[in-house]
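Please go over the structures that come below.
Two complexes come next, and they have one chain in common, chain A, joined by chain B in the first and chain C in the second.
Up next, the complex of A and B:
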């Protein structure tokens, strides 16, 4: 009879899934995630696929803001760089209106999107190394406005306001993901593709944060002087945090518009950055699984509020018909949720989960 | 004669006209426990901050094993083999004892960011090897029961011990202890004294210690330097220093007694 929590080596102790409960939940989630596309309607699958991509972006923001302690409002800017890099690389090379290189292979444009965004992050990073707190937030906010301006006017790349350009074409080993196939629908394929990518990027990020790099980031966040005195190069790690975060944002940006098939330059605004901040605050700061929870929560929120007019008579689905609209309800909910979580559970959904877990560990005793 | 591990030579440091250190010179020999004492604001911690690269003095030279330290950044100095604890605990409060100690070994991990993503091969071997080294420190400082606690939740005396552990984890060649027993009760002080002696005698590490607890300093130190207003007034063995009239006047407050 083996004892589940008896570790015979540090290797077992330091494994990613080092308890039976973790292994069990991972198996349940894996099976659930794989069964879902065959029992859920296509339009909801697209929303979920979007949530998986948003989760990659949220993980990125959590690396710089949650682990690194550097508040960034510029996430939308890096998402945009990823989106346009991917769209341009896979774009139609014969188009006279838009830049396009016609390379539709997913790994190529995905990696390129991440790298270009990561490089942009590295260029901005020296600022991050010198500023902190509110000052850094304001500087990164500036990035969003610069980005908005450039993307609105660089028509060869973005297509211009109100016109936009087609998103990246997802093609892997000859399989087209964005069109209905003989066996799977477009939604099912995209859902599975994004799920697999989220698992890959999630595990990579989890490895990063439990390594020397993640520890150094947390050290710089908590006490930068002590970090330097024990041998952590503070500037270097602030730059690494920014570069890795931007890489993840680039990857997420490249994938985000594949679902809609279309990139509109006006969408990379402050509201988008705030949405990602909301994801990590609601999901759980400095946790990878919290980033995923928060992304799913925020992405599904509009889908839930859309059902409200049927239940609540004073909520309407379009402006002008009296009462408040679903969009207003959504905005109010964002605000309330952020305030609520900051006051009542700063550790976010992940914190609620840990509390439940501890409760059931000791059940039926309260201590 | 053996080469000193550390030599401070005529160091002067001032902030906007306020002189924090002036003409401070001393040497620390291999295996020696060197104590720095003096009244509040005498510049004891400034000496440490010059040593670990936090402050840059305008004059003088600080050599560690023949290498000039002035002008180097703090993390580079740590890598040369100087470990340090702080007067007011500077631990990473949200991280566990294990992670804090692992951070002490940050520069003993020879892998980069890309390897960290994979947690394979070199990265995993390095993490495992360092975990073993950290567990030795945990045994040595009797921290096993606290291993997985975030340090912010631990009692003060234990936090002091974790900080000592973090400095030791980096396998330093010189240890700087800034008031290791400040605010501790008698029992905790005795525990800490035992650890400090073990470190010097078993590991043979030279130690520079700043401390207010005169009993502890007189018992442990091989040599003592007394500073007042940023100037060294006497350096010698504990009996020599205790008998020096200048020291008694400046530090033990004889003048005050005479006046009162």
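Up next, the complex of A and C:
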């Protein structure tokens, strides 16, 4: 152990936590993540739990767009499929208005949400295999519009515009996560649940991308023709990328619905897709930890801008009272952040972190 | 029969708006190989400017001035946000335009407010009798203007020196540079043209019904249009625009009589369904150039 960075095998080199620093930071983050719910207020915990859920969705988008290079603006469509699958499976079976099967066990509806969305991804994938670049982006955008239309009109599933339906009931081994308990509050329970799920899905994704599949996807992204020449089955890997990404989106959609509680069928729209694109761009393309960073950043952004009226007098907190409103500031900031990150730090927050890391590694020498 | 013809004219009216929008997308695509998602924002900006300018001057003068300003806005956006990104993957550029769209549109929306802003155009919702068919004046005006603009644009590309330079830069930027063409100027000009076209489309879209915040969604219908026509085909954009306009109008009027599931607002998704169908058969649209690839 005297030479911690000396690798004698590929296995060592590709290991999940291949440096001492990574092991240390992971331990710190794990402890920090577990202690947080007992020191932070409940409303902030809910925001953080939503961020963990968004992170699962962002990881999914990063697999297809970051690693696989297939630009998808259709993430909202797959999120919606997952959300409504879960809501329908755990819905009230006696309801005359809505489809419901009454299975409230969390693993069942979560897996089902992922699988149905993944299946939808597989159906879309052959189209993706034929199309390239921005053609694909526009087609996936079309999916969002078609999906929005279907969800608005399929009242038995979604409850219809302006009415909606209750989210899936998160219940595991008899524990109800969405209600306050004797030991933990609702926020604490949801936070811990989402954190554990994020860790599970994050590690799974990390394992996928450092394996044969991940390398094949990177080859397809960098030059699909060259990848085909060296023996990568391009169509097959594009299909895998879409299926896995949609699976993650479905899971995230189901959980997001649980976090928000009420979702309008029209809210799974282009803006939501763009939000996920922004997460992976701001976090870091083709990195799992970057996806998490980006998701936390974008989810916390409204929370931060809401504090602005106290600091800046020309920003008002309600529309109609003159000046610009918080919501406008938030949207403009969000657009500017996308542009700014792409121009000045294309590798996103993860890139900033790498720069800091290399700086301190060699400190006090510049390189 | 006359009702059917009226539907067709209505379709051609909205189809020419799609065609104008699609032309903007295609012009930017030809110069930079990127789909500019900022077009909806330029469309809104153009019609908002007309809405303000028309209060103090003649409608046609206001349109001209507004288009000039929108073109300047387009060129400015290209210079500030797109120029530093040249050479990056097209996906990244496309996302930058998405960011630009969000910023400009939010600013425009804060000016529009919650009211509907009128364009002050001379047509309004008046109808005129053409060969026994009642059609909206505004649809005729849109169609006519589009035809003139398209003809001018094609002549510009075909015969002017600048048009030649733009075609050269679109087929190979480095070779064009070596011939002494300023590719940077081509970029600016393309963005200015595209923004002005979007602005013009916005003005016609807002005539009669007025300008409100959700109008930008219409601009996105140009996306299926350009995919259908082929991303780099000007002619394809015009034809596909008109075609989608007509199909949409026909489905809107007669869809409900076929089957209840086509009723209501089904026509809203028809462009996207049409796009999916065409792409299954022709991955580069109807008139798009097939990409030649080297390893």
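Observations, loosely collected:
Rule of thumb we're sticking to: the second predicted complex is superposed on the first by the 356 of 367 C-alpha atoms of A that agree within 3 Å, B and C clash if a C-alpha of one lies under 4 Å from a C-alpha of the other, contacts with A are read in each partner's own complex, and residues count from 1 in each chain.
Note that contacts are C-beta pairs under 8 Å (C-beta built on N, C-alpha and C of every residue); 3 or more make two chains touch, one makes a residue touch a chain.
Quick caveat: nothing in here was measured; it's all calculated off a predicted structure.
With both complexes superposed, C is the one of chain B and chain C in contact with more chain A residues.
In the superposition on chain A, no contact is made by A:157 with either chain B or chain C.
Of the two partner chains placed by superposition, only chain B is touched by A:219; chain C is not. In the superposed model, A:288 lies in contact with neither chain B nor chain C.
Applying the stated contact rule after C-alpha superposition, one finds that A:324 touches chain C and leaves chain B untouched. With both structures placed on the common chain, the touch criterion links A:149 to chain C but leaves chain B unconnected. With both structures placed on the common chain, the touch criterion links A:131 to chain C but leaves chain B unconnected. In the superposed pair of complexes, A:270 makes contact with chain C only, with no contact to chain B. Judged by the touch definition given at the top, the superposed model places A:229 against both chain B and chain C. In the superposition on chain A, contact of A:336 is made with chain C only, not with chain B. Residues 223, 225-226, 229 of chain A are contacted both by chain B in one complex and by chain C in the other. Contacts from chain A toward chain B in the complex involve residues 10-11, 14, 16, 204-205, 207-208, 210-216, 218-219, 222-223, 225-234, 240, 244, 286.
Against chain C, in their complex, chain A makes its touches with residues 65, 71, 127, 130-135, 137-139, 141-142, 145-146, 149, 153, 223, 225-226, 229, 270, 274, 277, 281, 324-325, 328, 331-332, 334-339, 342-343, 346. The part of chain C that touches chain A in the complex is made up of residues 34-35, 81, 84-85, 88, 90-92, 94-96, 98-103, 106-107, 109-110, 220, 223-224, 226-227, 231, 264-266, 268-269, 272-273, 275-276, 279-280, 283-284, 291, 293-295.
Residue ranges on chain B touching chain A, taken from their complex, read 52-54, 73-75, 78-79, 83-84, 86, 90-95, 99, 102-104, 106-107, 109, 111, 113, 116-119, 123-124, 126-128, 131-132, 135, 166-167, 170.
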